[in-house]
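There are structures below to look over.
Each of the next two complexes has subunit A plus one other chain: subunit B in the first, subunit C in the second.
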Partner chain A sequence: MKRVFYLDGQTVPFTSGQNVLEAAIAAGMARQIPYFCYHPALGSLGACRQCAVKIYPHDDKHPPRVTMACLLPASDNLQLATVDKEVHTEHREIIELLMLNHPLDCPVCDEGGQCHLQDMTVQTGHAVRRYSGPKRTYHDQDLGPLVYQEMNRCITCYRCVRFYQDTAQGDDFGVFGSRDRVYFGRLEDGPLESPFSGNLVEVCPTGVFTDKVFRHDYARVWDLQQGPSVCPHCAVGCNTMPGARLGTLRRVRARHHPEINPHFLCDRGRYGFRYVTAAERPVQARLHGARSRQDVVLRQVAMRLQEGRSGFLGSPREDVQSNLALFALADCLHAPFAALSSPWMEALAQQCMALPQAPTLSDVETADHLIVMGDLGGVAPMAELAVRQALRNGAQLTVLASQPTPLAEAGDYRPTRPSALPDLITGLAEDVCLQGSRRPVILAAAETLGPAGVHALRKTLARLPANARAGVFQNSPNLFGAAYFAVDGHTARLQHALRQRQIDHLLCLAADPLGSDWGAGTWRSLVPGLQGATVLDMVDTDTVRAAEAVLPTAAFPERDGFFINYEGRIQAFAQVYRREAPVLHPQENVNSFPAAAGGQMHPLGPPTPQYWLGRLAELLDIVKPWQERLAFYQHFLCPISPHPDSPGVLLDDALRARFEIAAAPAAAPVGTEDWELDLFHWYGGETLADAAAELQSLAPARGLRVSADISAPFATLSGPCGRLRLPVIPIVGMVAGVVALDQEGFAELGLYPGEAVQIQWEVAS
Partner chain B sequence: MSAYRSFVQLGLGLWTTLRQIGRGASTISYPEEALKLPPRWRGRPALTRDPDGDERCVACQLCSAVCPTRCIELQAGEREDERRYPVSFRINFSRCIYCGFCEEACPTLAIQLLDEFAFSTEHHQDFIYEKEALLIDGTGKHPHYNFYRHAGVALHDKDKGQGSNESPPVNGRSNLP
Partner chain C sequence: MSLPTSIADLQDAALIARLQALVAESPVPAAAISAVLYALQDARGYIDDVALHAAARLTGLSPVRVEELCTFYSLVLRAPAGRHVLRICDSIACHLAGAQDLLAQAQAHSGVALGEVSLSGALTVVPHVCIGLCDRAPALLMDGEATGPVDATSLARCLEQWEADPWKPF
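Entry: the complex of A and B
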């Protein structure tokens, strides 16, 4: 039976556990009850006293009374009213009280137009200020490059503290003072340390916390072109809502996805979008480093391809269709193709693909026993947020890592060498604790586990009860999409062909084989055989700078496509805007203003990779076979194309099952005396997000992270592909015998996490 | 009966005409003679300055939002002291209908309608007025108002608590009752 209560005579359906306000909002009746401190993710507090309703008891003994809707559990046949004199007085006077000290600076406030306080004030009808006394003021703090504070606008709803301390479990932001001087901020000025600090902007119902990046290039929210998109900065695939104006991207906000990110977004997802507007972004076709006309560059590339000595390299950073289009073109030309830049990465992708269905982040939140391996928060911050929600719900957390990560501090930290992880994972199958729990979940950073670790994880899962689930995370958005092509050792074949001088030209799609991609060291050693490379990319990488021809591609909010996230969910993103040159300096643009209708005011932005590859197919006279192959692969891989507004569809199990036959990868043996490598990953670090200046200003210093008993100032590492001299950063609590390095370092050395490395320590003079 | 009434009406009409003979002409020979316009005449909008001589516009975009013909386009920017100003501000006067909504919406009294209403050019594109053409040197109809003296934000010459009707900043760390 449908359970209902009555609000102003209208029936409101509810489910058990809901409060009256929650049910009223869900039923679309939020206009009758104004509120501030309630937030669907943060729950009820009853601090603002705004959401008053009148309750009529069913007996004759009690008179009707005014109560707070957010604290009133919904129950059957409850009789409530808001069209009532007392309720109106309460609504009106509370909002007047909250507005007493409000600075009324809406014209210069970034929240204007999307302000909850503005909406509620208008809704309640408070229009005339009666109090003429002096207003309370505060000094503001500098909270770093991402969040801007203006404390005068505060209405003390406590949403920020509840988010920052309770949900995100950050400890450098809080509430101070007493009386009417309550202050929300840090103890001292300085950047917020939490990887989720940007959510303060969305959580705050007024303009106390606003987006500092958006502030410098501001547009009102009603002027923004917005559309459904998917975050391209890690494998979680959070749903986002980018906003653009005048052909430039201005901000990114979270978009509701019930199973991945219902409300929040990490700072990499929120502020990493600045790669789109970076000055270094390639936006014009280049030949030999100089800007050139599109058709000139295309003809040159087509000539190269016609020679038949080309290899094709895709990328997990690009979407499904672009990789498919590249694969189809390689197929038509019978050229070697690889989607991943190293055999190690290929094996890892295969093993990830073979894992059984991963839990969604909402499943992680309801887990009761969690095992986290590696620096999960550094690779996929939103997965860390889900783990923290499980911790709040009383879950037990074990962290197996070589570094004391923020998550390790919140749980049971077991210092572990990366090479010991596969054996430890095998041992988990006999773990009584894990077998006895109701919903055990194992989460890991894919690269820390390595192919051998993920393989061991799959074997362990098969021996654990069916309720045990596991997910591995990587920081590229489309590892699963690229993994389709990772079946037959393609990368090794491509590298072999280059080494044997069978090919001398490489067509790279968003791959950075000469820069920071995994296995870049090997590629660099093959450069002498390379006569030239063509790169299709949207950020400035080492490969783009070294390439013979550069074909710039549209950024993700500038086109349609699909990503496949860590759980094998195919999610579509839509084109949000068309890139144009910014109109910031009208004097420069005034001459190009169209004299008649139909004129093009600004040069349009870069086209999609499919467009470039289609043009190349045209020049090579293979349009028809290319299109046929493309259609065939697309039909095979994603027969149903999900709509950008839909929650996405999961990959077919049959498609994933074929990866289970992949050979068990062997991990390189590491002696106990050897120095062992582990991956250090900063939460804002990712190839695209690396071009976001504001976010990167928070990046930690580059260096070699070792346990605190090493006192050498510098160390030189040597690997099979090169040497690297780095400053040493001692970390308290790190496992002895392990050094943590960033991905660029691995690329330079030609090594992988869990492998042994030669280190020479420089003695302090 | 009806013929009599018609004659009376005719006579009255003639009397109305004759009454005006002594008065001068109420039309003027525009454009040779200038029009005397009432102060609230709605001509073309301009951007005014505050009494301190700084531009009043804070680029809040309310004028462009309220404009029924969408002829206003602006981009906000920030000065070093975080004071907002329009980096570009353009009005397309070939679309403007002089409704005055922008003036009504402007919270800082920056955009004000002047008495200029007849202006012509040879090309449509010359009707697109940029900020340099729109910004005038005076305060317009409101000589004393300065938005930033009332709004609670800090500027280079005004700290928190120094605005009108503001008490000095409180110590947010104090636990005293």
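Entry: the complex of A and C
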């Protein structure tokens, strides 16, 4: 039976456990009850006293009384009223008190247009200020490049501190003082340290915390073009709502996804979007490093392809459709194709694909026993946030990592060498704790586990009770999408063709084989056989800079497409806006019509990869077979296309099952005396986000992270593909015999996590 | 404040030993925070940044948490105070009984604004929230000792005495 209560005579449905305010908001009746401190993710507090309703008890002993809706559990047939003199007085007078010290700066406040305080003030009818005394004023703090503070606007709802300290478990932000002088901030000026700091902007119902990046390229929210998108910065695939104005992207906010990110985003997801507006972003076609007309560049690339000596390289950084389009083109030209830049990555992707269905992040929040391997937060911050919610619910957490990661500090840290992980995972099958828990979840950073580790994880899961779930994370948005085409040995075949000089041209889709992609060291060693590379990309990379031809592509909010996240969930994103960019340099443009007169093909910024590939097919006269191939692949691999507003659909199990036959990968043996490599990741780092200046101003120093008992200032590492000299960064609590390095470092050396490395330590003079 | 600080920065071995004993006695380290703060305040006159970070280290709380407590509790001082601290209640009962006059008198005696240290270094006067002595209003705390009712003459006598006394009572 549907359970209801009555508010002003209207029925309000509720589910058990809900409070009256929550149920009223869910029923779309929020206009009747103004509120501030209640937040669906933060719960009720009763701090603001704004959400008054009158309750009519069913007995005749108690008179009707005014009470707080957010603290009143919903129960059957409650009789509540807001159309009531006392309730109105309460609403009006509380808001008047809250507004007493509020500055009159609405016209210049960044919250304007989506200010909960403004809405509630107007809604409750507090139109005229009676107070004319002096107002309380505060000094604002400089909280770093991401969040702007204007404390005078505070109404002490405590949402910010509840989010920061309780939800995100950050410890550098708090609430100071008492009575009418309460301050929300840091101990002193300085950047907020939490990877989730940007959420302050969304949880604060007033203009105290606003988006500092948006501030510098500001538009009123009603002027923004917004649309449903998916975060392209890691495998979690959080849902986002980018906002653009006049052809430029201004900000990114969280978009509700019930199972991934109901309310929040990490700072990489919120601020990484600045790759779209970065000055270095390629927006015009280039030939030999110089800007050139699109048709000239296309003709040159088509000519290359016609020679029949080209290889094709896709990327987990690109969406499903673009990778498919590339694959189809390669197929039509009978050219070698690889979806991933290294055989190691290929094996890893296949092992990830073969894992049984991963838990959603909301499943993770309800886990009672968690095992986390590697620096989960550095790779997929929102997965860390989910783990922290499980911790708050009393879950037990064990962290197997080589470094004391932020999560390790919150749980039971077991210092572990990455090469030991596969065996440890196999041992987990006998773990009594895991056997005995009701909802055990294992989460890992994919690259730290490596193919052998993920393989061991699958075998272990098969031996654990069926309630045990596992998920592995990577920092590209579409590893699963790319894994689809990652047929065994494709990458090796492509590299072999280049080595044997069967091909001399590489067409790269958002791949950076000469820069920081996994396996870049190998690619660099093959450069002598390379006559030229063509790159389709939306960020400036080493490969873009070295390429013969560059075909710039639309950024993700500038087009639609699909990503497949770590769960194998196909999620669609929609085009949010059209970029407006001058197409050609005035000098190059003298003979053509001005853009406004229709003289150019694409006056609105870079087109999609499919567009470029289609044009190439046109020039090569293979449009029809290309389209047929593409349609076939789409039908076979991605038969369902979810709508951008839907929660997405999970990949078919049968499709995934075929990856189970992939050969069991072997990890290179590491001696106990050897120095061993692990991956260092920071929460803001990822190829696209690396071009976001504000976020990157917080990046930790580059260096070799090693246990604090090593005192050398510098170290030189050597691997099969190169040498690397780095400053040494001592880390207290790091496992002896392990050094942690960023992905670029791995690319340079030609090594992988869990492998042994030669190190020469420089002695301090 | 973000400079790396250690407990040793307190530069008082006896104090450090006392603080460590307080933490050891406590069921969990964090529960010792009030005792630690009072001991630090007794020894140093107020909770300066070194003391704040030392308290955080000792109890395992973050410096932000310690600052939250310091700024919430009116008996913890985060600014330098004189050798003697006079807290005059100005809540409702004492207000009605003339707390404002006592505050004005004490402030005039100190010669500086409320909350500041008198030139002689002997005195800091602060208004204070109700100390639960409403039945003996106007009430005050003289170096932590509750007294009431107080009138202009007894206040003046006490202030004279403090001025003459170079020692802190504790």
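By our rule, the second predicted complex is superposed on the first by the 742 of 765 C-alpha atoms of A that agree within 3 Å, B and C clash if a C-alpha of one lies under 4 Å from a C-alpha of the other, contacts with A are read in each partner's own complex, and residues count from 1 in each chain.
Note that in this section a residue touches a chain if its C-beta (ideal position, glycine included) is under 8 Å from a C-beta of that chain, and two chains touch if they have at least 3 such contacts.
Computed from a prediction, not measured in an experiment: that's the story for all the values here.
**Student:** First (subunit B), second (subunit C), both or neither: which does A:S178 touch?
**Tutor:** Touch partners of A:S178: subunit B and subunit C.
**Student:** Answer with first, second, both or neither: which of subunit B and subunit C does A:E150 touch in the superposed model?
**Tutor:** Only subunit B is touched by A:E150; subunit C is not.
**Student:** After superposition on the shared chain, which partner residues are touched by A:C106: those of subunit B (first), subunit C (second), both, or neither?
**Tutor:** Only subunit B; A:C106 stays clear of subunit C.
**Student:** Taking the superposition on A as described, I'd like to know which of subunit B and subunit C A:E188 touches: first, second, both or neither.
**Tutor:** Touch partner of A:E188: subunit C, not subunit B.
**Student:** Given the superposition on chain A, which partner contacts more residues in subunit A: subunit B or subunit C?
**Tutor:** B
**Student:** With both complexes superposed on chain A, which partner does A:Y138 reach: first (subunit B), second (subunit C), both or neither?
**Tutor:** After superposing on A, A:Y138 lies in contact with subunit B but is clear of subunit C.
**Student:** Do subunit B and subunit C touch any of the same residues on subunit A, and if so, which?
**Tutor:** Overlap of subunit B and subunit C footprints on subunit A: residues 176-178, 183.
**Student:** What does subunit B use to touch subunit A in their complex?
**Tutor:** 58-62, 64-65, 73, 75-78, 84, 87-88, 90, 107-108, 123, 125, 128, 130-131, 147, 150-154, 160-161, 163, 165-177
**Student:** Flag every residue of subunit A that touches subunit B in the complex, lowest number first.
**Tutor:** Within the complex, subunit A contacts subunit B at residues 103-108, 112, 132-140, 150-153, 176-179, 181-183, 185, 215-216, 218-220, 222-223, 246, 583-587, 590, 593, 595.
**Student:** Which subunit C residues qualify as touching subunit A in the complex?
**Tutor:** 1-2, 62-65, 67-68, 71-72, 74
**Student:** Show which residues of subunit A lie in contact with subunit C when the two form their complex.
**Tutor:** Answer in residue numbers: 171-178, 183, 186-188, 190.
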